[in-house]
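Each remark here refers to the structure printed beneath this line.
Should a chain be cited, it is by its letter among A, B and C, assigned in written order, with residues numbered from 1 in that chain.
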Amino acid sequence: MDVLNRRTVEEKIFKLFMIVSICIVIGSLVIIFGLVIINGASSISIEMITQTPTPGNALGGGILNAIIGSLLLALPATGLACIIGIGIALYLQKEFSHPGFANFIRFTLDVLWGIPSIVYGIFCLMIMIALGMGSSLLVGIFALTLLEIPIITRYMDEAIKMVPIGLKESAFSLGSTKFETAIRIVRRQAFPGILAGILLGLGRGIGDAASILFTAGFSNRIPTSLFDSTAALPTMIFNLYSLPSGQPKAYAAAFILLVVVLLISIISRVLSKRFMKHVIR
Amino acid sequence: MLSSTIQIETKNLNVYFDKHYVLKDVNIKIPAKQLTAIIGPSGCGKTTLLKSFNRLLEIHDEVKISGNIFVDGQDIFDSKGDEIPDIRKKMGLISQKPYPLPMSIYENVAYGLKIHRKKTKKGELDAAIQHYLQEVGLWNEVKDRLHDPASRLSVGQQQRLCLARAIAVEPEVILCDEPTSALDPIAAQQIEKLLLKLKQNYTVVLVTHTLRQAKRLADYVIFLYFGMVIEQGPAEDVFNNPKNPATIAYIKGDIS
Amino acid sequence: MNKRKLRDLIGTKLMLIATLFVSLLFFLIFVLLLFRSGLVLQDNSLFDILFSSTWNPDNSQFGLAPIIIGTILVTGIALLIAIPISLLSAIYIAEYAPWKIRRILRPFIDVLAGVPSVVYGLCAFLFLVPLTKDVIAPWFGVQSTGLCIFTAAVILAVMVFPIIISLCIESFNAVPLALKEASLSVGATKWETVKKVVFRASTPSVIAAILLGFGRAFGETIAINMVIGGIPRIPSSVFSPGETLASLIASKYGELMSIPVHESALMLVALILFVVVLVFNILGVFILRRAKRRWTY
């Protein structure tokens, strides 16, 4: 009886620890969401999201330049990363690659995933300087693409690994080539996972400041060509957070980023449910 | 010994999976336009043998194959990488668990026709799909929902869809890997009936672990035991006058 | 038929090119960083740079010791906070929480993992910094501006929570139910089952989750840069300002890039980041392989 007692006491103590931990986690998250939502909602206004900063005063006007800049950076980067990523992920299947080679590539991707985004930033900066370019939308897109490739590819790869071998056998037995099987069957079967990877990459790309800090530069105007430097929501926050008069803009930008992250999460849930219908279990 | 022509023949076929010696010196002949059943206890290499015919084994890791397999007198190991799809096209595969492709019912049947560029006009394609679905007795059940995902069909319907999909590429051989093991008795019976009908036009190779199914369906029987061919011949001979003690034991039900 | 073969050939080759591009990228980054950090290594030995304590580029002093100490402190404290809290939370969510709470918490945690670091940084700057300055530091009897190693480590821990939690939940859920039932049926309590069976069976994945959390903490740039104070001196306490490797690049690159030696010093910092990430990934592979061999069930 005594032994059982000690055991239940231990369980109770740890359960208490667990509850305390989960409260800390939830508490910190509530604080973060609360801060951004309350301050963001109060500083966001129609003019905040429809105007660029007033000429001569970076703190006046709105943050339209950063909103547009973020979209112009993150969407093409995600598109590029997605094309490259699906190619790699399909190629890592054993019909195409030797398992040893595939695992080496997976390892490289994991390392690339772990490399801090600031390193991508200065890597692209070096290339940019070597090519005689200045900080611009184009280099920013390039930096974000490199940042997103490992994330998107590894997600796609995991989804593709789950495709049952019997399904591939079915496709082959109909006379499909390896490429047709990969593009038409495997891609479709793995689609929900692939989509989740793409959206995750988009979320990472749209929120990253370190990689575009030097590569995309900063500008108060909306870029008109690929070679203009541009603002983005994360760099806007980074530039303005320490100035009390800049904080409304920083909060508005953070609010928009948070909404985007939420939207991405909701969209990926809804879409993956919709695309699940074709998936064979 | 065989009245009809030979569709598939293996000579000294050996298969290793990593270090496992799965098929040992297999020499068999499979007659055309008949139903050949490959029987034997589970784990004896039946599925491996079946999948070696259309070179599906090679997509697995660590598999080593030696020997020859002749299909229509031609050694399938002679063909190089990009000719393999043509070998596979000759042979439809029905697997244990139905694997409809992740697309609609219509697209499943159309898939093979599309990749092989047959029946490219819309009207022709529609007619062909109706024809093949009728062949497997699925048309009446699905004609109103051709564009529903194939994953919504019942397992038995999925298996018949796979059969329709396989015959739509006009193969000569249909390879069946225990096609009824995942199905309920009624769906299984439908598949068996279909196989009997199909053997008039196709060479059917059926892997089965139920002896009664082999007795009901087979014209020709191959008995595999621990990766070796113990006995092969016309069904009546093997079932009524088995020569090898292992075959006798298996048919009596002493080993399974 | 020929068209089909051609399309296959081109498609396959394109896939191969994409794959080779990635491994090339890996080597290209490494080689370029190595090459560009050569300049600063001409006049200073690597040993001096790593262990001397003065960072003053204007005086051609590139001692990284304070920054390395700052990085270790921030990452270490962050993980010390994050690991127990995340593991306990994950156990609670996976094993103890009622079904309804679990359904709300899972997507919540996933959303959190996606919140950009700059947003964490902003919240830390506006909430945690004043809190540290006015409440926490005085409580320990220390004066602080709030822009300090402690603040950076706390916000980093919060950023690492969702990563470790969601991976751990996944691995706890992957433990076969039969295994849990086996333990419960010999009369173990739920906690004993969690401790002795669930935890053991998922040890490799838990290690992987912690390594991933470490990677995130170690490489985090922006959020830390916003709250750490950015002073490359050896910190006297956790409440004094400091600097980390990644954050140093972000704060100094703009002003230092015009002078080749200074730029080269920052390239060396980037190279160190790269090498550490590489080494930890290699270690991770070995640890996981060993752990899998030992703990496979």
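By definition in this document, contacts are C-beta pairs under 8 Å (C-beta built on N, C-alpha and C of every residue); 3 or more make two chains touch, one makes a residue touch a chain.
What you see is a predicted model, and the numbers here were worked out from it, not measured in a lab.
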Could you tell me which chains are in contact with chain B and with chain C alike?
-> A
Looking at Cα centroids only, farthest away from chain C lies chain B
Of A-B and A-C, the pair with more C-beta contacts is A-C
Chain occupying the middle, per Cα centroid = A
When the C-alpha atoms of chain B and chain C are each averaged to a single point, how far apart are the two points in Å?
-> 52
What whole-number Å value describes the gap between the mean CA coordinates of chain A and chain B?
-> 46
Centre-of-Cα separation between chain C and chain A, whole angstrom | 16
So chain A residues touching two or more other chains come to 177, 180
Using the touch rule from the top of the page, what residues of chain C touch 2 or more other chains?
-> 4-5, 8
For chain B, residues that touch 2 or more chains besides their own | 82, 115
Under the touch definition given earlier, write down the residues of chain B that touch chain A in their complex.
-> 51, 54, 56, 59-61, 82, 85-86, 88-89, 91-93, 95-97, 99-104, 111-112, 115-116, 149-152, 162, 165-166, 169, 175
Chain C-facing residues of chain A, complex | 7-8, 10-11, 14-15, 17-22, 24-25, 28-29, 31-32, 35-36, 39, 84, 87-88, 90-92, 96-97, 104-105, 107-119, 122-123, 125-126, 146, 149-150, 153, 177-180, 183, 200, 203-204, 206-210, 213-214, 234, 237-238, 241-242, 247, 250-251, 254, 257-258, 261-262, 264-265, 269
Going by the contact rule at the top, pick out the chain A residues touching chain B in the complex.
-> 94-95, 99, 164-177, 180, 184-185, 188-189, 191, 277-281
In their complex, what parts of chain C are in touch with chain A?
-> 4-5, 7-8, 11-12, 14-19, 21-23, 25-26, 28-29, 32-33, 36, 84-86, 88-89, 91-93, 96, 107-108, 110-112, 114-123, 125-127, 158, 161, 165, 189-192, 215, 218-222, 225-226, 246, 249-250, 253-254, 257, 266-267, 270, 273-274, 277-278, 280-281, 285
